[in-house]
Structure formats: C-alpha cells, structure tokens
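Since the structure comes first, as structure tokens, the remarks are kept for the end.
Chain IDs A, B, C and D follow the sequence of writing; residue 1 opens each chain.
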Amino acid sequence: MTGWLQSVHPQTLRVTALALVLALVILFFGSQIDNYYTARMFNRISTSVAIILLIAIGQALVVITRNIDLSVGSIVGFTAYLVGDLLVAQPDLHPLVVVAAAMALGTALGAVNGLLVAYGRVPAIIVTLGTLALYRTLLVEYSDARSITTANLPKWVVELPQATLFSIGNLDIRVTFAIALGVALVVHLALTRLRAARRLYAVGSNPDAAAIAGINAERVVFTAFLLSGALAGLAGFVFLARFGNITVVAGLGFELKSVAAVVVGGVNIFGGSGTVIGVVLGTTLVDVIDNSLTRWALVSEFWRDALLGMLILIAVAADTLMNRYLDRLRRRRHMSELSAGTAPLPRETG
Amino acid sequence: MPEPVLAPPVLTLAGVAKSFALTAALADVSLELMPGEIHALVGENGAGKSTLIKIMTGVHQPDEGTIRLAGTAVTITDTQAAQRLGIAAIYQEPMVFPDLDVAENIFISHRDQGLLMDWRRLHEAASSQIARLGVTLDVRRAASGLTLAEQQTVEIARAISLDVKVLIMDEPTASLSAHEVARLMAIARTLKDQGVAVLYITHRLEEVFELADRVTVLRDGRHISTRPITEVTPDALVRDMVGRAVDHFVPKAAAGPHGELVLRVRGLAREGVFTGVGFDLHAGEVLCFSGLVGSRRTDIGLALFGIQPATTGTIELDGRAVLIESPEAAMRHGIAYVSEDRRKLGLAMALPITANISLASLRRLLGKLGLIDRRAELAMAEKHKERLNIRTHSVALEVGKLSGGNQQKVMLAKWLETEPRLLIFDEPTRGIDVGAKTEVHAIINDLAAQGVAIIVISSDLPEVMALADRVLVMREGRQMGIFAIEDATPEGIMSLATGERPADAA
Amino acid sequence: EPVTATKGESVNMVLLPKFLGILPFDQAHRGAQEAHAELENKGELLYVGPTPENSVAGQIEIMTTAATQGQDVVMLSNNSGDQIVPSAQAAQEAGTKVVTWDSPIPSAEGETVFVAQVDFNDIGVVMADMAHNIMGGEGEFAILSATPDAANQNAWIAAMERALEGEKYANMTLVDTVYGDDQSELSYNRALALVDKHANLKLIMAPTSVGIVSAAKAMQDEGLCDEIKVSGLGVPAEMVSYTMNGCAPEFALWSFVDLGYLTYYTSYLIATGAIPGNVGDEFEAGRMGTFSIEEDPTRDAGNRVLMGPFTVYNADNVEAAAQ
Amino acid sequence: MRRLVRWELLLLVILAVTIVINSAMSPMFLTIGNQINLFQLSIEKIIVALMMTLVIINGEIDLSVASMMGLAACAFGWLFQLGVPAGVAIPMVLALGLLGGAFNAFWITVIGMPSLVVTLAMLIGFRGMARILVEDRGITGFPEWFNALGQQPILGPLPLALLVFAVLFVILLVVLHRSGFGRKVYVIGNSAEVARYSGVAVPRVKALLFIASGFVASLAGLLYTARVSAVRGDVALGFELDIITMVLLGGVSIFGGKGTLWGVLLSILIVLNLRNGMALANITGHLQTGVIGLLLILSVLVPNLVQSARLSFRPGSAAR
C-alpha cells in the first residue's frame, strides 16, 4: 500500500475513480470502433458535451444545496426561442448583448424558481415540476406555432458552432466548448476558493445547522436557482446557435439528462457534496457512451438504448465500488500506521 | 470566589414567555447575565432551558417579554442578528455540516475573512482552536466521520472562535468524559476572565458547583430562583428543580451472586478499529466500559449488536459461539443496544412517540395478517410514559418535539420493550436531568436484579462508580484492563484511560 | 356526378393534430379555417391537441372527450398507431365520425376515411429519385427518421426501399436507418454519427422536417456539405438557407394548408350525410376540385382520398415558397 | 400528523371546487360514462401512482416505472407474435415485472447505489429492451377476450382496471397504514439509520418495494395494452413525471417519511377531474399541463403564505 492514499481527500478519490471508469470506457470503445482515437471523435464529443455541460453545472449548484431543478429543459427552450425571436427582429445586436439577454432571461426564470423554493418554502421538486410545465406552456403560447429558422438568424450566430478558438493539430477547441469549459473552470474556482460559495455546501449539508450558524439559507438557495437559470439561459443561446431551428420542443428532456450527468458525476443527490470536475467527468462519461454506441457497428439501432442504460448503471456501480474500495484501503492503512506508532494519534492522549 | 458584580448586566431577559401549539414552554422568565460571570442554568428535562436560549439566539421569537443588550432593547430576528450582537451558542444537539471538513465547520460563521478561502490559514487556525480544547483532531477530516463527542468539540471550537460577549453552552459536557470536561472548564474560566458572560446549562450538578458563579433554576417553564453559588447546596438546588427532595444516586444493591454466564467474548477485534477485547458477563451483572472520548467503546457495542461486526474473535452466548452479522441477528439472540446518538440513530424524529416505542418490538404487536394492534401499541406507550415519567401531553406527539431528556426516555422505552437478555446502554443518561437519571439508574439496577446482563458505556465517572459491578477500561481501541468495582477508583480508571499508568498495573 | 356540399349546415368539427406547437399542423388548421368560412358552417371548428410529450395518451383522451361532447367529426392526424382504435371505434359508435389525415390508423379500424396528402408509394419513389439525382445514381446513403414508431415515416421508408429495387437505383446502397426522435439535438448527433460510421456516405435522407434541418445544420457546421448532402421532406421556410448554400439541394413537401382544406371538406360532407364515405363517392372540394374515395392501396385495409401532388423544392423555387 | 390532516382537507376543498366548476361548465361531466372514462383514460398511471406512494414514503424513487410499463406491453406483444397464447403470456409478463423490479433492487440494496441513479438508468434501459423486442413494429390483433378486459365493463359499469385500482388501493392502504411492514416503510423514510439500529431489515423492505413496483408497473402495462389493444415501442413514454406529480400533490414528501395514501387518492381525483373538465372545455395541450403545474405549486405555496401571514400578525413569532 502506498502512503499517498492517506493524504488524498475523499473528493479527489471520487474523481479519480470516475476518471478511471471513463478511461476504461474509452479503452473499451477504442477496441471496438475503427478510427476511435482521432481528432474528429474529440471534436464530436467536445461539441456535443458543450450544451449539456452548461446545464449540468447549473444543476449541480442546485443539487449541492439539497434541491433540484427540473425546469432547466424548459428554460433552455424558452430562452433559445425568445433570443432567436429577438435576433430575427434585431439582427444587428452585439453578440455580448445577445448572450447577456439570454442569461438575463434564464436568470429571471431561475429567480421565479428560487423565490418559490427559498422564500415560498415550496419543495424544489414541486416548484420545478410545475415550472417545467409552465415555462413550456408560456413558450407554446408565445410562439404561436411559429418556429425560428436558420435563414432569419444573423450569420455569426449560425456560424458560431463551427467557430474554432484554436486548434492543436487536428484537435479543434470550438468556441462553444471553450465557453462551457470556461464556465466549468470559473465555477470550479468559485466553489473551491470563494468563501461565499462554500455556503452552498453548508446549506446542502445540513440546512438546520446552516440556519443556526447564521447563514442566510434562503439567499443561498435563491442564488443557486438564479445561477442554474442563468446557465440554462446561456445553454439556450448555444442551443439556438447550434440547431438554428427552434420549435416548442426545444430543450425537451434536458432536465433528466442533466440530473443523470450530475449524479453520475458524483454529486450527492441529497446535497452537500459534489465537484465541478466530477460533473465534467460525469457529463463526458454519459456522452462518450452515447456517442460511441451510435458509432459501434456491432450494435443495431434498436439495441442502443438498452445498452446505454446498462452501461450507465455499470459505470456508476464500478465508480461506487472502486470508490468504496479505495476509501477502505485508505482507512486500513491509517489504522495500521496507528498501531505501528508511525502516524500521529488522531486523538488526545493526555 | 466570585466578587460582587458591579458592572451592568450585558444581557437582560424580562418577562419572557413562549408557547408551542399545546405546550407552554416558558412563562414570565427573567434572567440577567453579567459580564465576566459563569451563570449556570439548571432544571428538569423539558423545563424550558433550551427554549430560553433559542430565544436569546434568535432561533425562536418570544411571545411576550423583552430582551435588552447592555441596556438597549433589541429584537433578535435570527441567528445572524444574534451573532452580530455578540451572542453565540453551543446547542444541545451538535449541529455540524457532515460534508465540510472540521476546519470549515469551525469557521463557517465568520464573515470577516475576506472574499477568498485561504485553506492553509483556515486549517492552521482551526488546529489551534482544537488544540485549545485539549483534543487532537485532524481538521481536514470531513465532519461526517466524527463521533458525537468530536462533533461536540467542533461545536465548542466554533463558538469560542467567535468574538462574543455572551456565550451560551447547552449541555456541552453531555458526551464528554472527565478529562475533556476539565479542559472545557478551563476555557470557560478563561473566557470569563476576558469579560465574557457564560451561560452554562448542565445536568451534572458537580459541574455547577465547580464552575458557576450564580445559578438559575427553571421549573415547568417558570423562573424559580437565581442565587450565588455560595448560597446554595446541592440538595437545595435539586429541591428547586424537582419541587421535592431526591436521593442522588440509588445505592447499588449489594452485589449478590450473579447468575449464569451469559456472554463470553474472546480476542474480539475489528480491523482498524479496536483489538484484543475479551470479557465475561453474567446474568444480573453490570459491566461498565470506561475510557476517553473516542476510545472505541461505542464500536465494541456496535460489534456486539451486529452493526459493524467484528472481524476476528469469538462471541459466545450461553456457552454457544454465535455469529452476529446484523442487528436483526443480535435481536434474535436477545441483545439490545441503546445508541448514544438518539437524534441520528435512535429515534425517528417525525414519528409519534408510540411508533418509536413499539419500533423494535413491532412483531409482538402484530395480529393476524401482520396488522398492528393499535390499542396494544397505545397501551405500550402509556405504560412507558408512566414508568419513565415521560413529560408530554400526548403519546401521539412527534418525538422531535420533546425535550432532549424526554427523547432519551422514549429511546430507553423502545429497548426495554424488547425484553432483552443482554442490554447495552451507550451513554444512557446523556442529557437527562437528575431526577430522570436516578430513575434510569434504578431501572438499570432493576433489570440487573431481574437477571439481565448489562453493559453500560459511559463517560460519566460518577455514574460508572454508581452502577458498575466491574469496569472495563479502553484506550485507543485497546482493552487496558478490567476491575472489580471494589478495586476501582476514579483516579485509577482515569490514569489507565489516559495512559498515565502502564496497563499491567491494573 | 360529384356531390357538392350544402353550405350553412351546423357541424361541430374537431381538428386533432399529432400535437400542438409546430408549423405544419398550424398550416393545416389554417386550411381548415378557410374551408370552415367558405362553407358557412354554423357549428364550431375546434383545434385541440396534446403536447409532444404526451401525444399518444393525449390523442386518445381527446378522441374520448370528443365522443362524450357529441362532436360530429374528429379529423385526426394519428400519432398513436392502432392504440387509438378502441377510442375511435367508441367514438364512431357514439355517432362521431373519424376522418384521418396526414397519418392514418394503420389497421383502418375505427376510421371512416383517410385523406392522404400524396400516395405513400409515390413518396417512396420521389425520395429514391431525389437521392438518385443528388448522388448521381451511385454510392452509399442513410436514412435519418423520426421515431421508430412514426407510422408515416415507416410507410414512406418501406415504399422507398421497394422503389430502390428498381434497375435505375442498382448502384445505390442504403446502409443504415437511424432515429432522431424528432428532436433537434438527437437528430443532429445521429447525423454526425452516420457520417463517422460510414466513411463513404454521400447522402442523408431525412423524411421528417425536424430531422432534415438538423442534419443539414450538422453538415454545415462540420463543413461536410461538399461531400455529404441532405435530402428528404422539409418545410421550405426552414430549409431555404441550406438549399441555397448547397447542403440540401433538393427536398420535397406538400401543402399542409391544402391538406387541412381538403380534410375539412371531406369531413363536412361525410358528417352532413352528403356522402356515405364509401369507395366510389365523388365530391367537389371547393377551390381544389373533384376528389373521390378509393381503396387505399398502401394499407391492407381502409379507404382514402388522395390529395397529391407534392412539390420538389430546389434552388429555383425554394425562396419563393419560403415567403 | 395534524399537518397531514390539514393537507388532506385542503385537497378535499380543491377537489370539491373542481367538481362544482366542472359540472357547472359541462352537463356531460357528471354522467356515469364520463366519470368512468375519466378514470379509464389514466387508469394505468394512477395504479402505478399508488405503488409509487410507498416507494417515495420509503425515501426512494422509481423513475423506471413508465419504461417498465412499456417493456411489459412490448414483451406481451412480442410473445403473442411468437405464438404464445395470451393466457400464458400474461403470467410471463408479470414475472418479467417482478424480475425487473428485482433487478433495480439489486443495484440499490446490494451495490448500494442511489435509487434515483439506478432507476434513471433503467428508465433508458427498460425502454431500450422494449425497443429490442418490437423494433419499429406495431403489434395488434390480440384475442377478443384480452381486449375486452381493458374495454368492457366487468362489474356493473366498472371495467377491470378500475377494480384493480380499487383493490390495490385497499390492499396498500392496509399495508401502509395498518401493517408492520407499512410502519417500517415510514421509519425507513424518516431515517434509514434509525431503522437499521432498531433491527429493521432495511434492504429487505426496500427490495420488496422495488419488486412490487416492477410488478405493479408490468400489470399496468398489460392493462394499458388491453385498453388500447395495440402495442408499440413508445407505450407509456414519459408517464413517470405525471405519476410523480400526482404522488407529490398528494402531500407525500419527496424526502420520505411523510404522506398518506388518502392524500394521494384525493390528488389523483383532483388531477383526473381537472384534466377531464379542461378537456370538456376544450383546453388541451400545454395549457392543461400548465394549469396542473400551477396547481401543484399553489397548493403548497398558498398555505405557506397564509401561515406566515397569520404568524406575522402576532409580531415576532415566525415558527421555524
């Protein structure tokens, strides 16, 4: 056994286990699919991860506070449509204004969720199940069955998905992917460094204790929903740019996808713990499995979903078991050092 | 000896009243806290002590009455407001954040530490706070792995790390052993010297007399008396609390010949937790486990009850080796385990008293078709309400709404109802008042007299001395020795538990 | 002698699309409204439908409710396969006629007649021909459909596969059929997966309006429009930019406005008893001319009114149609 | 306890209001035929909702129920196409439901994964298996007697599924509120640790619930097949959200430990009547789901607001 295990933080362990699982999955598909380890495959997956990653990060922030946001799919659809509509009406808007508008819209919808959950004291699942339906209803009523079409959108929006920030060899770092990664990095830094952000964990970890410790739990939960809304709004804009054609079904199903990415990424569904790196890995894992299955010649179209479900299950199980094993190893090592007298005693000896 | 205090009171409560739905928890209570005093607050379970301090910290709002801070009337809307006013509290039930590490738990309430986290400084500061308490605890550890006593330590560190004018401690020593209690008292005195007003709630009267300058007694939500400690005697205090005189400790029935050998444990160990535990236990015998906080006494209990089965060693019941791999198996063998952590492990807080009491013996209430006989269940609860003097207007009340001590009694009732042969009590009198403690001790003695084999894990040395036939001392997961009670002294037990004396001296 | 409708009768009619919120069904609604005004119907024309998420159960629910309300006719674009049969039969028994349009009831049970936009076999041929044109008669192509349960798409794909057996298409190979569930994101990803899976792919044929735009956008975004073309069935307004830039040089569609109009006429005539709804009935459908009920050759049972034709759009006519 | 009674009272009021408005709006509403239809149209969902109530009170969730319904239906269609007589296929499909539930239970209780993750994966997985069985086919032509089970009245005007619902309701009512098993369900929902420390075989209770949930879902899938007399890969797609909505509106806490079957019954009645009333008033599609979403939120929000308004009357007594 090695000494480093002892000093490793449990969250790091968790992420390591997940990364191992991801590596195994990639190795497996690499042996099954020709031309798997190519720049093209990287580009495919990186671009397809971009949208769901944004949503999943927002979802993670909410889940960490022991809540859930099932309305994200509807927020994505709503912002994608409204921003599209705005762009059709005013094609000359500055890109930053457009992005800001998308995020503001998402934030507003998130604020409604946040108000109801934090200050109205309605359980998040009830609120967001409700707004999942309500936001979609608003969109349908507003859109009146018109759809946004690529032809009416400004060129820069339509071309955004193929815009490349820089390339390493054939590996393109697309702008949309860079946006998602950038957001992930910012949120990661905030969650680990920003004092205020640590309150998300405190509230999710033990709401009663948070109240007693003088944390304004309402405001923290409200903020988490705001951020989730804002990120869903941003994702809505990327969605618009990517698909161009926006109908009332836009974003349908993102709520369950984001929850899946978050829990696979090791965020505790009962709040209190979770890392952005985990979310990135979880999102990637689900997406890699999905994208690989569609390219696996052996698998017929009708077998895909059954395999997807099973592979997610096995991946999470492997992660759970590996994590548990590493943790046990770590504890055992600590104890053997303890009885050998090489480790500092964990408690007072007098 | 306390000087007469001349400074104006830092916190004044006048005419405070508070009721919950059907319970009047406080009625017309007044209290003055002086800077630089340690003020003890005592009273029976449910007397309203915790409610009173929750009013001071803004958790509850009073129905009537005023609060003045240094003379000015204040409304304490929430705990943040209380903190701003310089009032902090250590609550009766530890409230830690299981997912955060110890250091963050300690400093979570500090709001003046800048925008960014400085993890290194945080951990250093936390370490020194913990060290002040005379405990070694890895501040990087997640709080989820902490024992109850360690959680209590974290709570204390959190409160004393704040720069406060009033520090309230609601039974801080309930799960600490003498050693840690001494350190805590030293800290309380230091704070007092710095001019802090300390309000100290405890059921251990010896602490009151050792520490307090003044003592206030509450009974049934009413203020009974406030007197300098020099003017009261223990008996007078108890009379104030209970309204009548109470014998302190039921004298132990003369240790008669014990019955059959019930339990024989040899070489019991759980990898990485404890090792080398072995003892015999006869019917009608009380064996106490003593040791410092974290000496792994609880873990032995958990192993015997099948929660965390031992990895090596043998357990024999009535001369037959048994494998106990789950609580169900333990219960089939007639073993019961009363947990030290009633909140997390002992009671379903949102369920009524009845359901909690019947939980471990549901099987006996089931009629045909596996349906619960509700009348019998109610009778069962009423019986225990009488017997253990559980203070409640109805046994249909949610357990979570009872006072701490009464919750403890409900948990005892649950296990008594299973009529076990081997009963393991883990800190059985944690947080219960003198009267109730006497009752619990009487119950334990009764059970022993009826031939139940009993293990009591206790950090309360006087309790150990009062109850035990024999004492088993643990240190750092190792069994240091077993004494017959005749050979045991508190000093002897403590020095063995702290390692000041070599094990073989026992 | 074709039957002409008597204006001004009172017929309560329900137009029930697959779900609410997308353009083609709204266009059909417009056509129906046009006919409603033209025929001076004193009754009501209702446009009700389920959500996309709840399409099957919702259609059954609305069909049942319509029977309860005693509506005279339900015009159904069926998304429920044969699951709608019991409720459609119950409606018929309660005196509510069921006329399908756009997508029929596969077994034809519970259905009076199906107003077919075009001959389903013809769609197969047209798709094969478009593929032939674009690919120059040789190479590999794949199909990106809606869901595996979409009855129209399945019928059209089957028809196309039959057409492909012809001599003319001998050098063309259909290598894969995948489903994008009529969602942009899935369709987009499936299109790219097809490209990666089949190195020699020359065309993606998407007989669904969501699938075709998503595939076109995917090819455009990945800069693949030169090698891989997109075709199928699409709405001109949504497709115009891809047709003009060469990603989707050719696609086809019919007029949903006309389909709604013709469905309304057929239903009105049947509900008023002007025609019994049997094979051989001939009738006048306002501005669209004369139609007749015939046996549906593309199903094992059932009758149809064939609308036809449809338009193939390309760079020459798409911009005008998109207006 | 008293809180729950109050919750159910609120639901009762909502239900009464719904019924009054509905009958005022449409003369058809109160006819027996319509009342039976109103149940029939969602009967499979509400049967599953009853079982889901127990699962959620136990502190878990089963998101795979709708996919299991689909799988059951497709398995039935597939067996039937293979030439297995319907009478034989039915028990086989029910066994499949048990098996599917046991499969979920394995990952949850033996491996120790959260039920949300497991059943989310199987929401995809079971649906995928259904796809493997029927691919892009639609299967019909089941025997008359089978279809009749779903469509014809069996007892008076009542169809079989409604009887199944009634019987299941009574059984679960007794199990949840009167039996030792039900008590354990509540305790585990409250705190699984407390239950374990009290000698409750937590994994066994959980496993039983998931197995039962799989079984009930497969039964519901069969009833659905009989009602619509056809099978396709998308049977019951997306039903899980409706089912969970009904359970939550019934006052069951998503965190477990709280709620009653009576509450869920009332919430089922509200949702069905509201749906039906809106459909009769030609309000369909998103507007309908929107109204139910709004009701869901308001039913919790309004009492909360009323409560805090009442409290702020008595200055400074905001109960936490």
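Just so it is clear, a contact is a pair of C-beta atoms (placed from the backbone, for glycine too) under 8 Å apart; a residue touches a chain by one contact, two chains touch by 3 or more.
Predicted, not measured: the structure shown is a model, and the values here were computed from it.
Participant: Hey, which pair has more contacts between C-betas, C-D or A-D?
Facilitator: A-D
Participant: Could you give the separation in Å between the centres of chain A and chain C, each centre being the mean of its C-alpha atoms?
Facilitator: 37
Participant: I'd like to verify one number: the distance from the centre of chain A to the centre of chain D, where each centre is the average of its C-alpha atoms, in whole angstrom.
Facilitator: Whole-Å distance between the two chain centres: 29.
Participant: Between chain B and chain C, what is the separation of their C-alpha centroids in Å?
Facilitator: From the centre of chain B to the centre of chain C is 73 Å.
Participant: Using the touch definition from the top, which residues of chain A touch two or more other chains?
Facilitator: Within chain A, the residues that touch at least two other chains are 136, 140, 211, 248, 302.
Participant: In chain B, which residues are in touch with two or more of the other chains?
Facilitator: In chain B, residues 59 touch at least two other chains, as defined above.
Participant: Where in chain C do residues touch two or more of the other chains?
Facilitator: Within chain C, the residues that touch at least two other chains are 20-21, 51, 53, 148.
Participant: Please give all chain pairs that are in touch with each other.
Facilitator: Here the touching chain pairs work out to A-B, A-C, A-D, B-D, C-D.
Participant: Which positions of chain A touch chain D when the two form their complex?
Facilitator: Its residues touching chain D are 116, 120-123, 125-127, 129-134, 136-138, 140-141, 211, 248, 256, 259-260, 263-264, 269, 302-310, 312-313, 316-317, 320-321, 324.
Participant: For the complex, which residues does chain C have touching chain A?
Facilitator: Going through chain C, the ones touching chain A are 20-23, 25-26, 51-53, 148, 176-179, 182-185, 188-190, 192-193, 196-197, 210, 213-214, 217, 220-223, 237-238, 240-242, 322.
Participant: Per the contact definition, I'd like the list of chain B residues that touch chain A in the complex.
Facilitator: Contact set of chain B toward chain A: 57, 59, 78-80, 82-83, 89, 91, 95-100, 104, 108-109, 113-117, 134-138, 140, 142, 158, 179-180, 271-273, 275, 292-294, 476, 498-500.
Participant: Report the residues of chain D in contact with chain C in the complex, numbered from low to high.
Facilitator: Within the complex, chain D contacts chain C at residues 26, 28, 31, 33-34, 37, 40-42, 131, 135-136, 138, 140, 147, 150-151, 227-230, 232-235, 237-239, 242, 275-276, 279-280, 282, 284-286, 289.
Participant: Which part of chain A faces chain C closely enough to touch in the complex?
Facilitator: So the residues of chain A touching chain C come out as 35, 40-41, 44, 48, 51, 136, 140, 143, 145-147, 149-151, 158, 161-162, 239, 242-250, 252-253, 290-291, 294-295, 297, 301-302.
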